[in-house]
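Letters are used for the chains, namely A, B, C and D, taken in the order the chains are written, and counting of residues starts over at 1 for each.
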Amino acid sequence: MDIQNVLNDAVKYAAERMEDGKSAAYIPELAKEDPRRLGACISMVDGRSFTAGDWDHDFTMQSISKTITLIMALEKLGEEYVFSKVGVEPTGDSFNSIVKLETRTPHPLNPMINAGAIAISSCLTGAGYSFEDYLNTVRQLCGRSTITLNENVYLSEQKAGNRNRAMAYLMENDNVLDCAAEEACDLYFKACSVNVNTRDLARYARLLANNGTDPETGRRIIDSRMTCIVKTLMITCGMYDASGYFALNVGLPAKSGVGGGIMATLEKKAGLAAYSPGLDAKGNSIGAYYVLQYLSEKLSLHYFSAEECLI
Amino acid sequence: MDIQNVLNDAVKYAAERMEDGKSAAYIPELAKEDPRRLGACISMVDGRSFTAGDWDHDFTMQSISKTITLIMALEKLGEEYVFSKVGVEPTGDSFNSIVKLETRTPHPLNPMINAGAIAISSCLTGAGYSFEDYLNTVRQLCGRSTITLNENVYLSEQKAGNRNRAMAYLMENDNVLDCAAEEACDLYFKACSVNVNTRDLARYARLLANNGTDPETGRRIIDSRMTCIVKTLMITCGMYDASGYFALNVGLPAKSGVGGGIMATLEKKAGLAAYSPGLDAKGNSIGAYYVLQYLSEKLSLHYFSAEECLI
Amino acid sequence: MDIQNVLNDAVKYAAERMEDGKSAAYIPELAKEDPRRLGACISMVDGRSFTAGDWDHDFTMQSISKTITLIMALEKLGEEYVFSKVGVEPTGDSFNSIVKLETRTPHPLNPMINAGAIAISSCLTGAGYSFEDYLNTVRQLCGRSTITLNENVYLSEQKAGNRNRAMAYLMENDNVLDCAAEEACDLYFKACSVNVNTRDLARYARLLANNGTDPETGRRIIDSRMTCIVKTLMITCGMYDASGYFALNVGLPAKSGVGGGIMATLEKKAGLAAYSPGLDAKGNSIGAYYVLQYLSEKLSLHYFSAEECLI
Amino acid sequence: MDIQNVLNDAVKYAAERMEDGKSAAYIPELAKEDPRRLGACISMVDGRSFTAGDWDHDFTMQSISKTITLIMALEKLGEEYVFSKVGVEPTGDSFNSIVKLETRTPHPLNPMINAGAIAISSCLTGAGYSFEDYLNTVRQLCGRSTITLNENVYLSEQKAGNRNRAMAYLMENDNVLDCAAEEACDLYFKACSVNVNTRDLARYARLLANNGTDPETGRRIIDSRMTCIVKTLMITCGMYDASGYFALNVGLPAKSGVGGGIMATLEKKAGLAAYSPGLDAKGNSIGAYYVLQYLSEKLSLHYFSAEECLI
């Protein structure tokens, strides 16, 4: 199978289906993005890579950062400590819901919802890690040392971040946080506002797919248990409250962000990433979804596909 | 009926029933209060007044301040504007619940829950009114010019106020507030931290009972419609989620605060206030409740009492 | 003040404001009612009575029956037992909500919501009381021996009653009921389906206003404590989740039914009833509301009116 | 690796960790089961099979039946119709929660919670399928023609089934069901009450693992897309509100039942089943969990294991 051809077709297929998408409205800086942008990249463990469309256009990671703060916290603070702060269960609510913090448990149900990622950020801040440490981690995981913060988006997040502050203060009130609410939010806002492109994300996803070892150098970058945890949480919670739908129709561990990116891992074989700023009602990129759904179908990538995987 | 004797008996009756009460634990400065303190005052429209126990001990108004910020907002901004910001319905939830702000409407269900009072505080701040204006209003309504802020309690409220901040930020996010979340909280914390005694509250309650006219000078202090609104909300929402129980067993418009005070109005006749710092699980003073319940029973004060009122 | 004239004006005033009302759609038999019907009656303790419009048109009691099953249960099983089954607090939810039975307590928060009335019906059934006993109570309280069941509405309620069954089965599961879920529902459906007119309800309301003694014969019909309980619950919970709004703008203990009736009590003076089948979004009759609101305003009936009551 | 030895060790390992388990208390017939029973079976695509402990002891399928009614509905009514009735998202609530039916959507969030399985049962009943059809399907999927209904458990379920009835009536009220609530519950209760042993479940799981083709005969029994759907839902929703925890620590599509069984699939290789009646607080068998967790760890069965799978 000619992977480049399939990827080109995937981008065409997606472009025809994404006209209803709207750039995230609640963060003004994101709302400026052109929703017709569309790009994708596949980065393979065997060293090959494939790109299409606006694959090298920068966008902010947004919620995809939740997987990276989680990895940092797991590596530096340990699995036991991290899961004393947040749970591992899907919520059935939208990513920015505050209700279960009051009605169920003051500890966020998982690290992929906003409340969970803010709690994780507080653990990192409380243990002395800074945004610089985070940024260095992103650069290492994505394999590009020029990755930087998008200052304008960061300022926009800060301004628009009152719902996240509400969650943070509620958690601070209930002694869930390891630092002050504002500090936890600040790291969270910055982590969300780091600029990447689809190749960066595809390389990061490839690292997860390869269980934490860089396939080019053979060096271990992440503990393999940690990659297992992150990929498992990506399946059950990675696509907000459309995680079940994505699991059914794409069938790859994935994480989306309201910046328009989705990254996905193909176990032991490849990392995939797609980008388009137009979102559906649940906050997932429509264009990026269709790229991945097309690739999964044509290349038999679903983890329960009856067919032989064609990558 | 000898009212002074009945009041003395009420205080004795309450003293025997309040041993389970605990001073509010979540505000450290309040937790220091001696839960055995108990006092009460009746201030009558005909000019008489009766006192018992620690009637002149200072305590902070806490949620009783919600009635005063509401009166200020009604007087200065009008009924229509105020009820565009908050509703008038009981919630069935505890006073510091955040859930309905997400699940039902971003506007607090009534001005007697924390979220509602913070929204009202934001209206006052947004319209240019300061804590000094509030303090002057309290002094006028209670008829004592020496009423002041309890700085220690205010600082303690600020420190312990993250749950209230959570509500404020959620409302700021949903464009409910007329000022920044922190400003709205600050006025709310200060308003809660004003020191009064039972005579102050009884005089304020008497003013409400007399429909806003000072019975001693004949001067109108509050518009009569506003007193009607406040007393109605005191019936349905004044005692947190024990408002129905209080209505059944005491049957007077009343408002309690976690400082240990409860004030109540006897229509056209009197204001009542009682104080004891020990609270029940819903945040109402146990001692103050029993004083008022005894008075209501012995003097036939319930608004639906079949007997002739004996005051 | 010429009460008959004011009542005539009230009906005119209401007629002009009720065009948006819709007869209850979820019970097909009720949906057939002409929403332009409008009638009212005032029955005074001094023996006078005033009527207007379709005052003698029959309609089903619906939720107004909740006050009568409550009175029966209080009289026959005692206050303590009844309030071990249901609470006395407003819910902040709509009358047919099932959520709090799972999230808060398996016991309904009060006897004026559907779940509460079904629990009360189960107490009566469990203690051996039948619909005949209920019907005789209605006849006695309303002073008309020809009051009967509306069979068609009853059958329609049964068919449309699955939401009520859901609540009943959930309560049976949690051991709240004193009889089988279906039996409790059956008494509830029948109690809702009894035909009355506004004079019947006004006479019943007068009895409550007069603390349980028939003003014409001097005979005690209901224990005075029970009338106090019912009227108190009518204030806080009688108008579904518009109880606070009604308390503010009418200020009388009242109970509405989706059949279009509202009855209200004027303490020690009168019973009032109004009827019009067109409902607002919360299930209260629009026409009946405006009749009572007009009467309250023109005759100073609000319990916190600063003016002298003119009845 | 000697699979039989590892299985024997797994059973020993589990036996030491299951003493806190309690047989399901809310179904009296299940409460009689001896919680020390423990058995397991592995059924491999290559034809081998391994058993240990009480592997041939009969127990009722309970919630494991939800996968089979789902398969029947998918096969007979089509994917589109089935997912117009129920969703595919995890709920974050316990399996018997009724709340989201009111607060989120009248359609159950997925077919693995009770409400979802009852909705699926109504589709089957409404389309003319009977319990006999269901039983024949079970026999075919498990490869044993002597599988039968446990009458005592069925009668016990019926008696204890009021919470399920509550959900069914709420869904009937909202027009979600294709038959009457009682009929839907009846098929659901019967489906839950079918007796199987671990070999039956392991063979059924092997069929799912093999994408619907019987590995012994080569005959297609289930459409491969349907097996993909069921396995995906087993990952995200198969272990009630411990699905995320199970995914992290075992990492196999699995479905548990309160009868004490858990079945799991190892893609393209094997079906696994374990049984022990003692449950944890979320309703999952403690003994069966530890058997599967041990096997996963020792044989590297997790779908994201970095090690080579040893089966």
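The rule is short, and it goes like this: a contact is a pair of C-beta atoms (placed from the backbone, for glycine too) under 8 Å apart; a residue touches a chain by one contact, two chains touch by 3 or more.
Everything numeric in this text was worked out from a predicted model, so none of it was measured.
K.L.:
Considering only mean CA positions as chain centres, point out the chain farthest from chain C.
P.N.:
Using the mean of the C-alpha atoms as each chain's centre, the farthest one from chain C is A.
K.L.:
Using mean CA coordinates as chain centres, what's the gap between chain B and chain C in Å?
P.N.:
31
K.L.:
What's the distance between the Cα centroids of chain A and chain B, rounded to whole Å?
P.N.:
Distance between chain centres: 48 Å.
K.L.:
Suppose each chain is reduced to the average of its Cα coordinates; what separation in Å results between chain B and chain D?
P.N.:
55
K.L.:
Which parts of chain B, given as residue numbers and ranges, touch two or more other chains?
P.N.:
Within chain B, residues 103 contact more than one other chain.
K.L.:
So what shape is it, when you link every pair of chains that touch: line, ring, star, complete or other?
P.N.:
Its topology is that of a ring.
K.L.:
Touching pairs of chains, which are they?
P.N.:
Chains touch in the following pairs: A-B, A-D, B-C, C-D.
K.L.:
Okay, in this complex, where on chain B does chain C touch?
P.N.:
The contact residues of chain B facing chain C are 87-93, 100, 104, 109-110, 211-212, 224, 227-229, 231-233, 235-237, 241-245, 247-248, 251, 253, 267, 302-306.
K.L.:
Within their complex, state which residues of chain C touch chain D.
P.N.:
97-99, 102-103, 162-163, 165-170, 172-173, 181
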